[in-house]
Amino acid sequence: MTDLAIIAAVSIFTAGLTIAIGAIGPALGEGRAASTALSAIAQQPDAASTLSRTLFVSLAMIESTAIYCFVVAMILIFANPFWEAALEAATVGAGG
Amino acid sequence: MTDLAIIAAVSIFTAGLTIAIGAIGPALGEGRAASTALSAIAQQPDAASTLSRTLFVSLAMIESTAIYCFVVAMILIFANPFWEAALEAATVGAGG
Amino acid sequence: MTDLAIIAAVSIFTAGLTIAIGAIGPALGEGRAASTALSAIAQQPDAASTLSRTLFVSLAMIESTAIYCFVVAMILIFANPFWEAALEAATVGAGG
Amino acid sequence: MTDLAIIAAVSIFTAGLTIAIGAIGPALGEGRAASTALSAIAQQPDAASTLSRTLFVSLAMIESTAIYCFVVAMILIFANPFWEAALEAATVGAGG
Amino acid sequence: MTDLAIIAAVSIFTAGLTIAIGAIGPALGEGRAASTALSAIAQQPDAASTLSRTLFVSLAMIESTAIYCFVVAMILIFANPFWEAALEAATVGAGG
Amino acid sequence: MTDLAIIAAVSIFTAGLTIAIGAIGPALGEGRAASTALSAIAQQPDAASTLSRTLFVSLAMIESTAIYCFVVAMILIFANPFWEAALEAATVGAGG
Amino acid sequence: MTDLAIIAAVSIFTAGLTIAIGAIGPALGEGRAASTALSAIAQQPDAASTLSRTLFVSLAMIESTAIYCFVVAMILIFANPFWEAALEAATVGAGG
Amino acid sequence: MTDLAIIAAVSIFTAGLTIAIGAIGPALGEGRAASTALSAIAQQPDAASTLSRTLFVSLAMIESTAIYCFVVAMILIFANPFWEAALEAATVGAGG
Amino acid sequence: MTDLAIIAAVSIFTAGLTIAIGAIGPALGEGRAASTALSAIAQQPDAASTLSRTLFVSLAMIESTAIYCFVVAMILIFANPFWEAALEAATVGAGG
Amino acid sequence: MTDLAIIAAVSIFTAGLTIAIGAIGPALGEGRAASTALSAIAQQPDAASTLSRTLFVSLAMIESTAIYCFVVAMILIFANPFWEAALEAATVGAGG
Amino acid sequence: MTDLAIIAAVSIFTAGLTIAIGAIGPALGEGRAASTALSAIAQQPDAASTLSRTLFVSLAMIESTAIYCFVVAMILIFANPFWEAALEAATVGAGG
Amino acid sequence: MTDLAIIAAVSIFTAGLTIAIGAIGPALGEGRAASTALSAIAQQPDAASTLSRTLFVSLAMIESTAIYCFVVAMILIFANPFWEAALEAATVGAGG
Amino acid sequence: MTDLAIIAAVSIFTAGLTIAIGAIGPALGEGRAASTALSAIAQQPDAASTLSRTLFVSLAMIESTAIYCFVVAMILIFANPFWEAALEAATVGAGG
Amino acid sequence: MTDLAIIAAVSIFTAGLTIAIGAIGPALGEGRAASTALSAIAQQPDAASTLSRTLFVSLAMIESTAIYCFVVAMILIFANPFWEAALEAATVGAGG
């Protein structure tokens, strides 16, 4: 079962690392965008609706990179093709 | 039981690392957003309600990346599919 | 008992690392938010109550990421499911 | 099956790392572009439509580098030619 | 006694590292908050009491993350559940 | 088949790393160029067409370095001469 | 005596590292607080007493994190429970 | 065939690393040059042609360092003298 | 004598590292405090005595963290309890 | 042939690394020089010819360090004296 | 003599590292203090004597951390108690 | 011939690394000097000749550190005394 | 002679590293002090003599940390007490 | 001859590293000093001679740290006392 264990360990470690590292950039980028939006609204309250709309589109765009990471982490945990192939091979090996 | 131990050790280490690294970005990003909100309110007190609303939406957006990390850490500790498969295999191996 | 020792060592190391790394971001983020709040109050003393309220909400939001880390560290030390499974297995192995 | 396990482990680890590291740059770059767009709109509300258009073209351009990474990660997980060759070789070896 | 030694060594190393790394963030964050408070008082001496109160609440909030680290370090040295389990097991092993 | 596995593993790892690291610089550089373009348009709306043209030429120039990386990653995955030589050698070795 | 040596070596190394790393943050934080205090006094000499008082409270607060590290280092050198347990075990082992 | 595998693995890894690291500097440098060109055109629209010319010469100069890296990466993949010597030696060894 | 050598080597290395790393923070912090004091005196020569007094108190406070490190380094070299215990044990072992 | 393989692997790796690392500094330095030249021309269009001449001399000077790296990389790949000596020795060893 | 060699090697390495790392902080800190003193004298030539005196006290204070490192390095080279104990032990071992 | 291979490998690696790392500092330093010269000429076109002369002397001075590195790299590749001694020893060993 | 080789290798490596790392801080610190002196002289030409004197004292003070490193490097190469003890021991061992 | 090879390899590596790392600081420091000198001359052309003189003295002072590194590198390559002792020992060993 060593192969299974290696694949499981690597999947677990990578899933955690992916979302952890992948959360740094978007969080900082969104913080920057949000902070400029706030000072822009304070400077030009009349344009608040345009600014909010632009902010939300930008946040969604930036969030998308975090979501790519989350998707990959979820795939690695719950729909990992390598793990399934290894499980199958282990079953065949045991049943053969 | 070595395989189980490897998976357990990797899960523990990854869960901790995930939330630890994943907390850096959001904390800094929220700190930035909050600090700009404060100086924006000081500069334009009349727009405080608009600014608060925008701040809270932004904080929620940024917090979401921390929550992704927390969710992955919790999954790794309490609902880890690799650990369950390994436990099951160990039981079968011992009972077979 | 080697498996138990590995799990124990990894749990101890991860618990400490989690809270240690997890304290950097929130501390810096709160320092930033607090420092802007102070200069905002100095600039606009009349808005002190609005600023304080916004500051406390923000600090709570930022503190939450430190608390996620503290929770994970506590779980790893005092309610670690992997450790309990390993202890149980060791007892069974010894009693069997 | 050791070769299969090595390739699987490396593929998993690389896929996660690729999207994780690859998300940092675009997120920061988009955050910067978005934040300047917001302050530019606040400064020149009349040019909002030109600014929005330029912003969206730029975001798409920057996002493209994140998408390159996502594509490579997906290829490594679901359409990995090395994995398929190794699987085939393993089947031939077992069937021969 | 090798297991005991591993757990002891990891506990010692982690306890030191936890408080050492955990002291960086709060110290810098408090330095920042304090320095802004000082320049804020110099700028608006009339608001000194409000500023002091806000500063102390903020320092306490930031200090809390250092205290989380200190608590974890103390637990690891003086109330480490893994060490106690290992000691007990060693005693049983020796007495059995 | 060990040699094949080494080459496959290195190719996978390098392909991912290449595009991941190679995406950081262009994303940041494009973010910078785009953000200056936005503030330049806000400052001089009359020169918007000249600015857009210069921006697009610059973005293309910067994007080119990301594309070099993408090309190398694709070559390593789908047209890797070392892999083909190794495959051929393995076939000859098996058929000889 | 190998176990004793490991614990001793780890204790020595950790004690030094703890106070060394733990001194960086407070020193920088205090330097920042002190430098702002000095420029604040130069700007508003009339508030010197308020500023001094606030500075000393802040320095004490920041110094506390260095003292946590010093305390842990001292405990690890002179009152290390793991070392005492190991010494005792060694004595029992030698006397038994 | 081990020697061939080592040379192939090192060539693959180096080719990817070379273009990946080599893309960071030029991308950032071009981003900086382009962003200054944009703000310079906004500030002095009359000098746009001189500025564009200077910008394009500078971009070409900076791009040249990325192209050095791309050339080296291509040489390592498709015209690697060490690989050819090793292949030849392997053929001689097999045919002798 | 291997145990003695390990403890000696670790003590030497840690003592040097402790004071070396521990000197960075205080030196930078004192440089900052001193440089602000100098510009503060230049700006407000009448407050030179207050400024000097505040500077010296601050320098002493910052220097204290360097002194903690120096004390730990000296303890590790000249009054190391682990070394003494190991020496004693070695003497007993040789004399027994 | 192991010696040959080591020398070949090291040469390949070093050649790539040399030009990759060596491209970072010049690219950034040229980007800085070019960006200042652009803003200088925008500020003083009458001095454009003097500025261009100074810029080109400076770019050539900075480019020279990239060229040193490129030359060393080319020497390591195509005119490596160590490789030639090793090849010759291998031939003599085989022919002797 | 292996123990002696280990202690000698560690002492040499640590002595060099201590003074090398320990020279960074003070050099930067003194550079900062000196540079502010110079601009302060240029701004307020009448206070040159007060500024010089404060500068020299500060430089001495900062230099002290470099001197701590130099003292530790010298102790490790010329008055190393661990080396002397090891030499003595070696002599006894050889003479016994 | 192993010794020869070690010396050759280390010489190759060091030569590349020396010029690669050694090119970073001068390139950045020259970029800084050149960029200030350009803005200085734009600000004071009458002093262009004095500025050019000072710039060229400074560039030569800075370039000298890159040339030291290039010289050392060339010595290591083409006039390496250790390599010659090792070659000679190998010849003597073979001929003796 | 292995012990001699270890000590020699560590001495060589440490000597180079000491002066290399030890040259970074002073060079940057002196560059900063010198650059401020130059702008101070430009701002207040009448105080040039006071400024020069202060600059030279400061440069000497900063240079002293580089000289500490140079002295330690020279001691390690030409007056290394550990090397002499090892040489002596080797002679005695050979002659005995 | 293994000892000779180790000493030779370490000497080569250290010599290259010493001058490579040692070139970074002086190059940056000189770049800073030169750039300030240029802007100072542009600001105060009448003081050009005083500024040039101060610049050259400062450059010489900063260059001295690069020269320390170059001297140590040259000593390690061409006048290495450890290498000579090892050569002599090897000759004696071979001739004895």
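Worth a mention:
By written order: A, B, C, D, E, F, G, H, I, J, K, L, M and N. Residues from 1 in each chain.
Here is the rule we use: a contact is a pair of C-beta atoms (placed from the backbone, for glycine too) under 8 Å apart; a residue touches a chain by one contact, two chains touch by 3 or more.
Which chain is which protein? Per UniProt: A, B, C, D, E, F, G, H, I, J, K, L, M, N = ATP synthase subunit c.
In this text the structure is predicted, and so the values were computed from the model without any measurement.
Identification of common neighbours of subunit B (ATP synthase subunit c) and subunit M (ATP synthase subunit c) yields an empty set. Mean C-alpha position of subunit I (ATP synthase subunit c) lies 38 Å from that of subunit L (ATP synthase subunit c). As a whole-number value, the distance joining the C-alpha centres of subunit G (ATP synthase subunit c) and subunit K (ATP synthase subunit c) reads 21 Å.
If you average the Cα atoms of subunit I (ATP synthase subunit c) and of subunit N (ATP synthase subunit c), the two centres end up 30 Å apart.
In subunit F (ATP synthase subunit c), the residues that reach two or more other chains under the touch definition are 2, 11, 13, 15, 17, 19-21, 24-26, 28-32, 35-37, 39, 41, 43, 55, 66, 69, 73.
In terms of inter-chain touching, the protein chains here make up one closed cycle, each touching precisely two others.
Around the closed ring of chain contacts, the path that opens at subunit A (ATP synthase subunit c) and continues to subunit B (ATP synthase subunit c) reads A, B, C, E, G, I, K, M, N, L, J, H, F, D.
For subunit G (ATP synthase subunit c) in complex with subunit E (ATP synthase subunit c), the touching residues are 2-3, 6-7, 10-11, 13-15, 17-22, 24-26, 28-33, 35-37, 39-41, 43-44, 46-47, 50-51, 54-55, 57-59, 61-62, 64-66, 68-69, 72-73, 75-76, 80-82, 85-86, 89.
The touching residues of subunit N (ATP synthase subunit c), counted against subunit L (ATP synthase subunit c) in their complex, run 1-2, 4-5, 8-9, 11-13, 15-17, 19-21, 23-32, 34-39, 41-43, 45, 48, 52, 55-56, 59, 63, 66, 69-70, 73, 77-78, 83, 87.
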